[in-house]
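Okay, so subunit A shows up in both of these, paired with subunit B first and subunit C after.
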Partner chain A sequence: MADRTGRYLYAIGRGIDEEEIAGTPGLRAAPLRVVEHRGLAAVVSDVDLDEFGEGGLRRNLEDLQWLEDVARTHDAVVRAATAFGPTAPLRLATVCFDDDQVRSRMDQWHAPLVRALDRVDGRVEFSVKAYAAQPEPAGQAAPAATGPGAGAAYLQRRKEETLRREMAGQDAARDAEELYTVLAEHAVAGRRLQPQDPRLTRHEGTMVLNAAYLVDADEPFADTVDGAVDRWPGLQVEVNGPWPPYSFATLEEQ
Partner chain B sequence: MTSTSVASRARTNLPQDVALVDLLDRLLGTGVVLAGDVVVSLAGVDLVRIRLQALLMTVRGSEEEL
Partner chain C sequence: MSESGRPVTQTPRTIGVPRGASAAPQPASLADVLDRVLDKGIVIAGDIKVNLLDIELLTIKIRLLVASVDKAKEMGIDWWQHDPMLSSRAQGGGDSGQDGSGGEQDRRSLEQENQELRARIEALEAGRG
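Moving on, here comes the complex of A and B:
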């Protein structure tokens, strides 16, 4: 009989104390464990492979409630790990068969992991999203419903409206670019993520910037953003953080 | 609604306040990618994201109809 238990990997860091992190529950309330290897510490917990094996994941990743539970638990564990030192969060649903396989990954990726941890040491991530403020609707002068020239006037208004929207879109894109660049001066690194679909954000404006910044932990980055946004009245800006350095603990190919 | 007030109001560091979509941006789109032993063949992030987006939209859509 194959063992139906796997090891779910949350994060790899340094100096993570197993007893201290045990206060944070793992997935399905399983206790967290720390697998130490060559100066690195992987936070893991046992998961049932019926749920987290290939078939289970394939099925469960389509269940939004399942996904949200797992994502929030994963995030809580990653945040707990950051209390001990630099932490590289793993992507959701990284599952190995046993501790030896976990150590083997730590061997294989040792040098890039060390570089990633050095890069994020003492630093946190902030999210900055900008939305194009809704353009004012054009003047609603009552159109002459009939009479000569009514159709042409209508087409002309449509044309002007389209042009106005295009220009507003270009302005917002340029503003977002400037905002991204200005904020990057206060950060160690910046990265642009794909703008989120308005149906997911439920924000009335179009997202024109979805950025992540890696900043020194003592940098008052949110205040910097608050102080800067007035320069771009056409943007609505949201700053969110600090996050664990999800977007910056990436491994370069060996 | 001024941009400043949005910036202030949206600031948070409480995990439960974090929007699921922001979390998934990071948990699926970034982070350390080590191939585990369990390889979901749709581990191709893009495919997962596309499916999630469809899923999230379905859920949000039905909420709005209530």
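Moving on, here comes the complex of A and C:
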């Protein structure tokens, strides 16, 4: 049987020291290695192609626990790489057959990779999420109204409740838009991501903004967010970071 | 080399009015990590062909993360349309499904309400008659 290992690519950056990054475990505790080529450094580790080949990935990506383990390890390695210089994270599950194939990708994408690294050099990503406060659940229990007009009153109440919800939703959307724009003034770039499912966030409010910002590493961005949010009392704002520049080290924005 | 040598660490914090224990953020939520590692970053085809979007992921939750809004709608994933904050069509909160079960729940709660109202009308009419 042929060699059943492949090279899993975590990130491509500059100046990544193989000895130093070796302290971070790769997938399935495999040691990390650095493939250098034309001034770029790719962080890789060996993976079993039974697990990370086409069939294995197809099967394993269905497994939420597997996915979480791999995603968190991937993220941890990418974070470790950012200690050395600008880092472009690869998307999850980028696997080549050997180091030569890794180098050929670095050749093929050299110019856009260099541009992506230049764009994120000295910068980090912050996540800003805003949640709208949930309206009080009015009209849960039907009141013990009797007599003529009870039905009309009920319908009126339902109508008002719907209207109130609509207005609260519009307010929250407008607030979120303002927040996004104000924070963008403190960032090099901003992107809106899909709002996350409430069951994933385990948050009782509805997510009205899921934004990513690219900011200079010395910019006190979290403090900026902190100082700005009082303007929108209807929003609860969560800032997370710094992240590696996942949302900005991309090839498509050339 | 610039300041980029600064290691990236997680310093999550929540700003604004805390709304109970659920407001406490995770160091890096799985949703946040998956948002990024599945959908962002450098997309270069390796030797192993895998299209993350084509994979029939078992859990609809992950699908939500990787699907675009339009694609999600095609697949009937439209939880936001059942969310009272985002749509007037929705009534009440709760676990509104993204595969149509939310609509089913809405209908059921309406039916129940309808039955209760009928019962009250009957009682009222009986009282008068």
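Some points to look at:
Here is the rule we use: the second predicted complex is superposed on the first by the 243 of 254 C-alpha atoms of A that agree within 3 Å, B and C clash if a C-alpha of one lies under 4 Å from a C-alpha of the other, contacts with A are read in each partner's own complex, and residues count from 1 in each chain.
Assume contacts are C-beta pairs under 8 Å (C-beta built on N, C-alpha and C of every residue); 3 or more make two chains touch, one makes a residue touch a chain.
No experiment lies behind these values; they were computed from the predicted model shown.
A simple residue count on subunit A separates subunit B from subunit C, and the partner touching more is C. Touch criterion met: A:247 reaches subunit B and subunit C at once. Judged by the touch definition given at the top, the superposed model places A:66 against neither subunit B nor subunit C.
When the shared chain is aligned, subunit B and subunit C each come close enough to touch A:94.
By the touch criterion defined above, A:116 reaches both subunit B and subunit C.
Contact with subunit C, but none with subunit B, is seen for A:162 once the two complexes are overlaid on the shared chain.
Counting contacts as defined above, subunit A residues 6, 9, 12, 49, 52-54, 57-58, 61-62, 64, 67-68, 71-72, 74-75, 79, 88-97, 101, 105, 109, 113, 116, 127, 133, 193-194, 196-197, 199-202, 210, 222, 225-226, 229, 233, 235-243, 246-247, 249-251 meet subunit B in one complex and subunit C in the other. Only residues 6, 9, 12, 15, 49, 52-54, 57-58, 61-64, 67-68, 71-72, 74-75, 79-80, 82-86, 88-97, 101, 105, 109, 113, 116, 120-124, 127, 132-135, 137, 142, 146-147, 150-151, 154, 162, 165-166, 168-169, 172, 193-206, 208, 210, 216-218, 222, 225-226, 229, 233, 235-244, 246-247, 249-252 of subunit A touch subunit C when the two sit together in their complex.
By the touch criterion stated above, subunit A contacts subunit B in their complex at residues 6, 9, 12, 49, 52-54, 57-58, 61-62, 64, 67-68, 71-72, 74-76, 79, 88-97, 101, 105, 108-109, 113, 116, 127, 133, 191, 193-194, 196-197, 199-202, 210, 212, 222, 225-226, 229-230, 232-233, 235-243, 246-251.
For subunit B in complex with subunit A, the touching residues are 1, 3-4, 6-8, 10-13, 15-16, 18-34, 36-42, 45, 48, 51-53, 55-57, 59-61.
Those residues of subunit C whose C-beta lies close enough to touch subunit A in the complex are 1-17, 19-20, 22-23, 25, 28-44, 46-50, 52, 55-59, 61-62, 64-65, 68-69, 79-80, 83-88, 92-93, 95, 98, 113, 116-117, 120, 124.
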